[in-house]
Every structure is written in C-alpha cells, then in structure tokens.
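Please find one structure pasted underneath; my questions will follow.
Chain lettering (A, B, C and D) follows the sequence in which the chains are written, and residue indices restart at 1 in each chain.
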C-alpha cells in the first residue's frame, strides 16, 4: 500500500500580530507544519507501522518551505516531494489543488492520499476534496477513524449531527479531523534519521499546467485584523449593588434577564 | 499603547506557550508542601503561578511557567518534582 | 553500536556555549550532535543583555560582522534611584573599538542570536536536533558515554553540558550541587517595543548605536539591580534580585518589578511603548565561588552558565562572552585528543583568561550584596543631588555640614567603614 | 445565463441561504434558483423567495454523491454565484463542485455583499485573528455556515419548479452504519446561556457562586483552560478557547476570567458578553459588552439576587 500525505508550511498564528491600523504583521512569525496536517502525517505513519504502508509526503511551498522537510520526514514519511515555487506565496485552493493533483499524477497515484481537515492559516477546507475531484477518486472528509482492509479503506466520518462509516476502494482521498490521533513528538533518532531521507524537488514547469490553472480565482482584496464590535460599557458609578442593577437593566433591554 | 503596570496574567498572555496537557513538568508533593511554613514560592515566582488556597494548600498552574527554576532552588522542603517540559513544549521566547 | 549512533561529541543545549563548541568541532571535521530542548535554538533563552564581541572573534575572526546583533553599545550608564529621584552617570565613547580591531559590545536578543549561531554551526556541519529534551546521561564504568532522550540512547566520545544555569545534567553527572538562594539572582525582563528613532532620541544615540544601563535602587530593598538595554526597535527592561532576600519579605517579585518599571525616571524612557514579551531566568550571581569544584569527569565537560560562568562587577554583567569562551576552550581541548580533555579544558580556560578574570572578581559579589547598596546609598546620593541643585531662595546650609547630615541620616559611620573594608578586601 | 444558485442538503439551511440570496439578488438584479430534492420543500422555498427550483429526483443516501450532478447542472446554467450551505457535507460537496467547474470557492463566509456586478465575501483567517475580504470571480462558489443568517420569511412570492431525474454515480463508495450524535443537555457548544469561570476564583468553593448564578439564569457552566486542566474543577470538555470548545450563546457571563486571546477566540461569537473581574486592565473588558470591575465574591451574589 502506498500513501502520499500532503501538508502545508504555515506561519504560526500565535506569532502574528495585528497592528493598530489592523495590518497583519507576520515579521515575527515562526513557520511550522500546519497542525491539522500533523494529524494526517501521523495517521500515515501509523499505517506505515501497522500495515507496512509506504509513505511519502508532498508539499507545495516557497523556498522557505525547505525548512519543513526535515520536520515532516522526522514524523514518519520515507521520502518528501517538494513543489518549490514562489507562487505558493499567493495561491488559493484552486491553484494549490491543481498543482498537488498534477504532482501526484507525476509521481504516480498512490492507494491513499491523506490531508488535514484544512490549513491552519487560511483554513480554506477545500484542497483535499478538490484533489480527489481532479483525480476523479472519492473524497472521505472529516474522518475520525481509519481502517484498511485489502484494497479498501473504511473511515468513520464525524459530520456535525451524525457519524457515518464510509468505505471506499483504492485509490481515495482521506481528510482527517484532529481528534483522529495525537501527532508524535519526533524522537531524537527519528530526527537524526530524517536528515538522511531523500527529498525530491519538483519544478512547477515540469507539471505541465496551463496559465489559467495557475491563476488564482477569487481576488483577495484585504486581510485585516478582526475587530470586535462590542459595547465595552463599564459600570463605574455608584455602589456595587447599583452597578449590578444597571447591568441587569441593560440585560433586560436585550431580553436576556 | 502606553507601558503600564500589568498583572502577570496579562503579561503571560503575550508569551507563546505550548502546554503539554498530559505531562505537568512541575509536580508538588502536597504532603511535604503542607508542612512548609515559609512558602517562598509565593513571592519568588516571576509568573506568580503559586497561589495559596483557602485550605492552606498551594495551588499551582504549570501552564504559564517561564522555566526559570527559581521555585526549584528556593523550595526548602524539596517538595517539587521539577523537570523541564518535554521537547517542543513550554514557553518559547520570541525575543529572549 | 552502529556508527550512526555514535558521535565524536554530543552537546546538550544550543545556547552560545554549545554553539561555539559545536561550531569549532564541526569546522575541524568532528561529527557533532547538538541537542536542544526548545522548539528552535534560542527559544528557551533570555539575556539582559549584551555580548562582548571579542568572544566571537575566538570562534572565527570576523564572525561578529554577520551575527544577529541589535545595537553597538556606545553609552555606558549607571543609574541610582531613590523613590522619586534618579541620578545617571553617562559615559559616552564612540571609539570603543579604538584599541582593538573589533567593537566592544552589542546588545542582543537571544531568540535571534542563538538561532543565528546554531545555523552557523550547522553550516559547519554540526547536526542540530531541536525539540528534544535530554533526560539522562549514559554511564559505563564510571565514564559518561552518551545521553538518553526519551527512549532513545545516543553515544559519543564526550558529552558537553551546555544546558544552562539549572544544569540538570551537571547534577546528574554529580559535579554540580544544587544552587542555594544566595548564589543566584532571579531575572525578570520585559521587551518593550518602541520606534527606532524614539529610542535614538531618548537614549541620545545614533543609528545602530545603543546604550546599556545598570540601575541601583528601587528593587523593593531587595539585593540586586535593574537594567535597560536598547535593541533595534525595543528596549529590554528588567531586574535581577536575590531570591533568598525575596523570601524574607512578602511582596511578589513580579509586583516589585512592576513598581520598578513604573519608577518615574524609568517610565520616561519607555512611555508609549508596547510590552511584547515577559520573561524570567536565573542568573549565576555568585561568580567564581559558586563554580563547581570540578567541571569535568571522564567523558564529560561543563560549559557556560551550567559551569556558573558569569561575572557581575556592579557596573557590568558578563555571561554570554564567558559562555562562548568556555565553548571554545572545550572544543579546543577535545581537538587536542589528549587522554584527559578535562584537564586540557581547564588549562584552556586559564589561557583564554576566563578563570583568572573570574578569580579576580571573586570577591565582588560581597560588595554588590551589601544591603545598603540597593537602598541607602542610592537614596543618599539622590539627596545629595537634591541639595546641590535645589534653589528655594533661602540661605542654603554650608556644603560640608549639609553633606555630613545627609550621610548620617542614611548610614552610620560604622556601616560606611565596614562597607569600605569589605570593598577593600574584595579587591 | 446567469442567476444566483442555492443548494444545501439540509432544508433549514437552504432557507437561511435564501435570506442572503435575496439581498444579493436585489443588489445584483439576478434571479434566485434553488437546487433541492423534495417537491414539498420546493413550494416552501418559492414562498421564501426562490424564483426557480430545480428538484432533483434520486434516492441515493449519500449527499456528497450529488456533487458531480450538481456540477453538471451548474456548468450548463453558468451561474453568477453559487451559495452552498456550509455544513461539513456541504463544504465537501462545494469543494468537489468547484474542482469540477474549475472555479473559485470561499468556505465559511460570514458576510456576502453585492454591488453592481461585484460580489465580495468576508471570512475568518489565522484562527480568527484576521478577516479576509475577497472579490469573487464569475461563477464562484461560496459556503455559508448554518445559523449565519436567519431563515427567510414566507411571502406571496411566485416561482416555478423543474423536476430533473438523475442517477448519481456513487463511485466506489459504500455507506455503512450511520449514527446520530446525541448532544447532551449540558453541551456548552449549544447552550443558550453560559457562565464562565476563570482563574480569578480563589477557591473551589467559589464554584458555588457560579452554580447559583447559572441556576438562576438556566445557564450552563464553562471555564478557562487552567480551571479544567490545572485545577480540575470542571472536566476538560467544559473549557472554552482556541484549543477547547467554541461557543456562541446568547449570553455569556465571565467571572474572574482575564480574557487571554486564546480564550476569547473560543467565545467571541457570543451575542452578549458580560465580564466581572477585579483587574480593570484585564483584556476581557475589551471583549465584553458590559463589564463590572470588582470582587466577584461581592458582585456575583448581587447579580444572582438581582436577576430574581
């Protein structure tokens, strides 16, 4: 069984600052593998350990994403494919899916393709099923459990008001929810081993995609800090009892008391 | 914003933490702790993580630990099992 | 054991000491592994602080030019605070590099500097494994032969503990005793962001230039002191105080620091700034007297803060430079391939002037720990200033008499003589 | 051909999308088309504003399998914009349709606005700290989460229905055991009112204050991370925050919560936020509608009493 697990190299949102003018400041941001994708990598690694799956990983990123390869490989995959292009700086779900699908076709469609449920930065939640559609294979999304038997995978999907068990024969795309597993903290030996694993860089030009396929669809007009629109009313006058009275009277006006 | 007097809660909120929910890296031996009358931990912790409950027991929240080790040095009753958090966990200074 | 699992050297901690050591060993062709518990090098480290550049010169001439440094220190300042007053001694010297080919010192931020240094060591061929905590040392026949991290065991000819002031590995090796509360200082620091030109104006420095300020007084009467260092677009404001003294009173060190930060004379320097980080760290404050009696055993060396290498002269604090020097000394000792690298290491520490310098300042902590240094003397000096500069239209008292009265109101003649005697002995 | 197309596998969500669709239809001067599976619902959708309903006739149990068919229909109709209910199934279906049509997709838009021929959406990025405003390409798909808009009201609106027989091809999928998730009464994610306790509580005994207040309000109790993870006063499924539960009650009252960003990220969709804390600089007050600075031991009992 062959598995390709896809991941994205993202800025740590804890390090993103919103300036007074609402600009998004990423100058201090450390980059990391998107947390949701770590679940996907872990699930692939477990398949490697339990079902002798042959796992490789794939990312589309700028030259900065080079730093991600060692971390990804220390989490289990035996080889990394890296579509290295500056276009990753300004991409969307449409372009990313086109590139990943083309790269997967190029290296050979595996039995299973794993994704996280969405990326931690833009959280577009579409690349996994888009890739499935482009490859014309089923997409099993929001998966909390996987079981492989013969040439099929049975997953438990958790989709809001119900769970369902869905079985798909290979090949298939599977997108994981975070509760599926707990990503490992790579051990010393895994980290050391990772630096010896092969990395194959894929040039965008070799994927044979048209300009249209590489042009983003929706135009991002702005990315700005989220502003809380709150009343910010602080009761300052009078005794505590009076403050509470004023609060309850305001809540009553909102129909809440 | 103008620099102002701030509570440690707010200041710790500025820092980056990856909390290892399953493995506290500092564990208090309550039996030893309760015998201590001086309780230096209450004043020496820069993150003010040690608090005295009404029951006289020390309450401690390892999540905001800055990993300085002052409590470990000062705990005269050796009531702390003090380790560094597991790799990648704990505080990550952006400036240092 | 396979080749893959054995290194020439394993260094615990990717701080300045560990990186300096790894850099040189890797450059000279050794197979080196640096294990860092932080997510990336520098993420667990804190400094006041500044770096004296001579130390980087010992690693590789010219290396400092490329280093992740903040501002070159051209102003050395000492500030003494009473409750509402402050006096600052300000020494300006643009040509601090006049007598040497390298500039004297730069302010640094450790998250950036340590990451840079680790990258440099990696370029030389060192293997840096981040996000891994070393849990134990491996021993065979009384020799330390490797480390244990989680389930993994990794072997090396020599293990270097560069694991910082708490050096749990130094303790495991049986070399380092637990600190007591008088030997260390607890440091608290805020990074306060300010625009570059505001920093230039407030500290009267040019582009790329910076100030380093030591502060005495207003640490809640607790033995210790404060500091301000100017970075590119932030200032590091903090204080280091004795935890043993803290334990004798009931105000939290965090609150003492907030009051210190809000002192009017400090406030003016940081107003309109935004706090971006709050950090704390222990500082080995007791100098040579608290350095472990033995810094090595078979298969094991201790460097940097782990070895207690820090000097507080009362006017400056040195730590990062000593860490780098000790890393260099350890690397050179290992490269000599002598039977006993530990003995060679101590020899190198002598030759690189680290041990003699530490011994020279060995008595200094006694002076800086005189209780009157943190309250009475700063108050006295500020009152003297007040007398000298205050004009209220009345006939002022005679200078000599007035000064004598000011002094008497703060310290007794006996205290003055005893402090002077302690100072004399310390030198 | 043009028009606004609306689809959800859940009928109430389609009704909510009609609210968004009608505003959009007015500003863009377009017709509203709804794709659904039941003739019965078709009538109701028309009353609520649909001009045209395409009723697909099939009995395949797996809604995601309709993606190809919907894509085929949309390809022929060449819509201006497609609104799909942002349920989890809906988002998957939308992604597949978008890939089939080689068009753009905005998932989880919380606002959509049209002016002239331009349509703009807003959605959250970076775990909630930023808002991304996008200008849609022609024919883009947008998913909108359930309950973002109120359901459209009945009117005397007229429209027509078109029945289409379809044969979804379920590829290589088999659906087994479908099991509804039973939400417990005390599930904080669905609670109408919440009382949240933070580290400002000095003692576990203070939990009584919260319980009394919650009882009066018929509210559930939730907490900050440390109350669950460190003090263990409540179970971990009761903590609200970035890594905990996301809540959106009508009323959220915090006591002794400082309001660190990680916590606020979990509760900021609450309709009305009330904060009680001793520290006037606590960031919770910036996130609150109403705030009282004071000792919760004094304020909370007063509040409980006053609410009587």
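Convention: contacts are C-beta pairs under 8 Å (C-beta built on N, C-alpha and C of every residue); 3 or more make two chains touch, one makes a residue touch a chain.
Keep in mind that this is a model prediction, so the values were computed, not measured.
Across the two candidate interfaces, B-C and A-D, the one carrying more C-beta contacts is A-D. Here the CA centre of chain B is 22 Å from the CA centre of chain C.
Chain C and chain D have Cα centroids lying 52 Å from one another. Centroids of chain A and chain D (each the mean of its C-alpha atoms) stand 20 Å apart. With centres defined as mean CA coordinates, chain D is found 38 Å away from chain B. Those residues of chain B in touch with two or more other chains are numbered 4, 6, 12, 86-88, 92, 94. Touching two or more other chains at once are residues 30, 185 of chain A. Counting partners per residue, chain C has 39-40, 130-132, 149 as the residues that reach two or more other chains. Listed by chain label, the pairs that touch are A-B, A-C, A-D, B-C, B-D.
The touching residues of chain A, when paired with chain B in their complex, are 12, 14-15, 28, 30, 185. Partner chain C is touched in their complex by these residues of chain B: 1-6, 8, 11-12, 14-15, 18, 38, 40, 42-48, 66-70, 72-74, 83-88, 90-96. By the touch criterion given at the top, residues 4, 6-7, 9-10, 12-13, 19, 21, 51, 53-55, 59-63 of chain B touch chain D in their complex. Interface residues of chain B, counted against chain A in their complex, comprise 16, 86-89, 92, 94. The touching residues of chain D, when paired with chain A in their complex, are 62, 64, 67, 87-89, 91-92, 94-96, 98-100, 102-108, 120-121, 124-137, 140, 171-181, 193, 250-251, 268, 272-274, 280, 285-294, 298-299, 302-303, 306-307.
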